[in-house]
Amino acid sequence: MTPVLVILIPLTGAFLLPLLQFLSRKIIVLVVCLAGGLSFLGNIWGACSGWLRPTVHLAGGWPAHIGIALIHDPLSSPFLLLAALGFGSVLICSFDRTEKFSWRFHVLLFLSWAAVNGILSTGDLFNLYVFYEIFSVSAYLLVAFSTMEWQAIEAGFKYLVFGTVGAMFFLFGTTYLFLFTGYLNMARISEALMSEPGLPVFIPAACFFIALSIKTGAFPSHFWLPDAHSSAKSLVSALLSGVLVMVSIYVFIRLFSVVFIVLKPLVFPLMLGTGSLSLLTGHLMALRQDDIKRLLAYSTVAHLGYILIGLGCASAAGFNAAIYHAFNHMAAKMGLFLTAGILASHAGTRKISELSGLGWDLPFVSILFVLFTAVLVGVPPLNGFMSKWYITLACVERNQAIPALLIILGTVISSGYYLRIIRRLFSGKGTQGTSKDRGATWYVVTLMGVLCILLSLLPLFPVFTDTLHILGNWIMDISMYKDLVMIP
Amino acid sequence: MNPALTGFIFLLLIATAVSACLMKDILSSVIALSVFGVLLSIVFSILQAPDVALTQAVINSGMITSIFLVAYSQTMKVRSGEDNTRVIKTYYPFRTDEMVILFICIGLGFFLWKGIVPMGFSSLSGDAANHYINFAGVETGASNIVAAVLFDYRGFDTLGEIAVIFTTVTGISILFEGSRYHRSSSGLSFIVRRSMAFVIPLIILYASSIVLMGHLSPGGGFQGGTVLATASICFCVVYGSSFEAARIHPWIKETLESTGCLFFAGLGLIGLCTGAGFLANGAAGFPLGTQGTFISGGSIPLLNMAVGMKVGAGLSSLFYSMVKILEAPFEGIPGEVE
Amino acid sequence: MNGPVVRLISFSLMTLGVFFSLASAIGIVRFPDVYTRLHAGTKALTGGALFILFGAALQCGSWQAAAKILLIAGFFLVTNPIATHAIARACYRHGILPEPAHLDHYGKTLKRRDLK
Amino acid sequence: MTMSSMSFAAAIIIFCTGFFTLLTGRNLFRMVIGISLMEGALLLFIITVGYVPGGVPPLLPLKGLPVNPLPHAFTLTTIVIGASHIALALAFVVRIHSSYKTLDVEKIRGLRE
């Protein structure tokens, strides 16, 4: 199984679907399931093989500096796993009986899956840009997929404008690096920049930082994120918040830990600052929202802040904690968006003030909702607490008191707004009558709940901490990555 | 090239760009943008990039301008309610917030300029470029080094590029779902129709020559495919929008597009199966032929054909989805207009 | 094929072409309405570009390149009048009349067609 | 001034013009025009990176020192990606106009609070 197939399977699925559009729906569903299952297995396989024995595939058989190298290594494998879980569950959700998705939705889904796998696999800067663009374009369209709603279209346009500007800065950075070093391969660029003086490295780094903070939705340019994440359909919101945002985080880690390793003392404190501000803004804005999905979207900005703080510590512990938190956030936030979608469609509104009494109507879903909020707030035995605790520890280890205090403050604020929803859910009496309808979304939500509990159990095993150490050391020590890629 | 003349062309370029921003009428701005695109392609050919110049002329100043015009006419068709298409805005004097933005932009420009100065404006060729220049002919059999880079050394990028267009075409057909063709227009006058009947075969011939000679001369699948799509746009303009829709069902275009993509991926998989790597050319056993002859370059002409098929069908179906008229445009109330 | 006489002819053709282009540019600015401006604009291609292309065809070394340039010239000759015709017709149908119009045959034709 | 420095300067000026238009334009079309200008400037920038004074086009057989072919390959990709961005943006503009009946940015504020 080479890294190419991991990208190629979902891509072929997307290319194949238009050919089948006039066949019966059963055949299309069969093909979608087949392609989805194969892609899922491919991702799992890629994650495992990358973790156990990092693999390199040279596309076209050319060496890495001439052609394009695709790499699966211990850094990309957790993200591959995350993508598999996220996309797999969204694919299951899309077969829910309540909403019929046309085959074009699945085309977009497979395209963005392929693009995510491409971003996670590639070792080449320009190739990264190309896959980032497939990913972005399909994300804009996934946001705007419900074309009959003006919010979705407007949010999609906003996202597109921000994303395009981000892409241009990304390309500027790439061009500068190419101008200075003559390479596009990340390991080679990193090697060449080692001997460069300060300014030529600083400006491309700034370009990349601007581009990535726009694309991620971190503090100064977070305006598109709440709109896009709240206007989309709930399963798309789940996908955006759970997986697609984390892909940008991966690019952050990859670029700044490999390419700009020279600027380590400069960039990572900046990341810490951006993270702290995102955390604060996200939580404070979430406190003011009355729309449940918008609240969750602002909470995503805040959790991006947590992850960026973890990265900003620039230590093995920080990276580990950030990636662990990415997993926890994926499980909980996807669950939250999906449960919020169920609740909102049951109530017929997304306003929090009108959700009262739903807790009695949909007890199971509401209890899961409470579980997910508990994970995100960080109630002690749960995984959210563990990852936040690790991030705080990493901050303390680097003598960063302010971010550590902000994390605790964030917990307080977030418990404030989540408690408001929960109180509303269980206040009054159920009026609409209990619903026994269990669609595909219901099962996925249950799955996410189980995943949260499994993730909470993980830190009990000493193997887990050892495994995390492998990851942290791999990120901190890039010589292994370079050795892997730069085989002549 | 005379430096004074070059300087003049660059000044003209900047002037068209600024006028595209400052003109009051949107339509004039779009035309200025098109002129900017043509000037840019002239600059590219001055900078010794014939491939890029061709692509720029065909895609950016041809295809994109026509899409701009379609979008403009679509927004002019709905005349109910207030129509702010022609918001006339005086640019002088700047408002204060615009002054701030202006300073931000100037700062950005200074910052970007600072990035080049340490390099003394000279470019470093690097290992990769030297390798391409010295060995591309031997290793790939193609005469056009850019085609060799695009389809052989960095063929994986091209797969991604195809996927971007595919995503866009799918997306635009999603955005315009539930709309129908406008069948009223009967096209232009008899003179235009008869003479276009003479010209369009030539356009198609030109497009196929660009696609098939992509490995020998500037051009390739993207450029040729776009020219093909331009022929299809000519059908729409000259013979009326229902002409082609009645003859070629959109499904046929989508099938062609998907087939092109799958063909590309399949050619790549041959390389993977022989163990040489994805999208391998000579190493996967494609005969490289004699460099400079028509049958040479191994898989590059085949990949060009796949891309040409895909881009031609894709862009033409993109145009036709945008020409359709929106029916039942929206449900619910749009945000309260103040 | 690059003798001094050929060069002289070629350059004078090009000069003629440049003159036509300049004249049409002035015309586009100076003329009063759409139709006269179109008339001026057409000269930029049929006069200017064609002469410049002929001059270029004389100067380029090989006959293949010259044939290519002549093909481009032929293409211009076919497409340019069509485009101008289409624009003028569209303008008329849009309701823009020439300023001092004494004769309006096209309008009569259109009216007759509408009556049928 | 050399060819490269002129070209870089023009690219940066046009990029900033486009960015200014994107930020200040009140009409949605104006914003898309800004994006289009920025894309064009970026293309010019990348091509200039590969330019060698006195170079020849990278076509075999070479008649001198060729320019760097790698940026040409990027630019081709970038042109196509940029064109799809703009086509998509225009499609969005048409859809927005069909629901808001206006193209004025100040009046399209359904999502703003």
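We just call them A, B, C and D in the order they show up, numbering each chain from 1.
The rule is simple: a contact is a pair of C-beta atoms (placed from the backbone, for glycine too) under 8 Å apart; a residue touches a chain by one contact, two chains touch by 3 or more.
Everything numeric in this text was worked out from a predicted model, so none of it was measured.
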item	value
Interface with more contacting C-beta pairs, comparing A-B to B-D	B-D
Chain centre separation (subunit A, subunit B; CA means) in Å	31
Distance from subunit D to subunit B - Cα centre to Cα centre, in angstrom	12
Intercentroid distance (Cα basis), subunit C paired with subunit A, Å	58
Distance between chain centroids, defined by C-alpha means - subunit B, subunit C (Å)	28
Shared interface positions of subunit D, touching two or more other chains	15, 19, 39, 49, 70, 77, 81, 84, 88, 92-93, 95, 99-100, 108, 110-111
For subunit C, residues that touch 2 or more chains besides their own	none
Sites on subunit A at which at least two other chains make contact	126, 130, 133, 137, 140-141, 144, 147, 150-151, 153-154, 172, 178-179, 184
Pairwise chain contacts, counting only pairs that touch as defined	A-B, A-D, B-C, B-D
Touching residues (chain side subunit C, partner subunit B) in the complex	75, 78-79, 82, 85-86, 89
Subunit B-touching residues of subunit D, taken from the complex the two chains share	1-10, 12-21, 23-24, 26-27, 29-30, 32-34, 36-37, 39-41, 43-44, 47-52, 55-62, 66-70, 72-73, 75-77, 79-84, 86-88, 90-95, 97-104, 107-111
Subunit B residues touching subunit A - in the complex, by the definition given at the top	111-112, 114-116, 118-119, 123-129, 131-132, 152-157, 159-161, 163-164, 166-168, 170-171, 173-175, 177-178, 251, 254-255, 257-259, 261-262, 265, 268-269, 271-272, 276-281, 283-284, 330-332, 334-335
Residue ranges of subunit B in contact with subunit D within the complex	1, 3, 6-7, 10, 13-14, 17-18, 20-21, 26, 29-30, 33, 36-37, 40, 43-44, 47-52, 55-56, 59-60, 63-64, 67-68, 70-72, 74-75, 78, 80-85, 87, 89, 98, 101-102, 104-106, 108-109, 112-113, 116, 121-123, 125-126, 128-129, 132-133, 136-137, 142-146, 149-150, 154, 157-158, 160-161, 164-165, 167-168, 171-172, 175-176, 217-218, 222, 291-292, 318, 322, 326, 329-330, 334-338
Footprint of subunit C on subunit B - complex, ascending	188-189, 191-192, 195-196, 198-199, 202
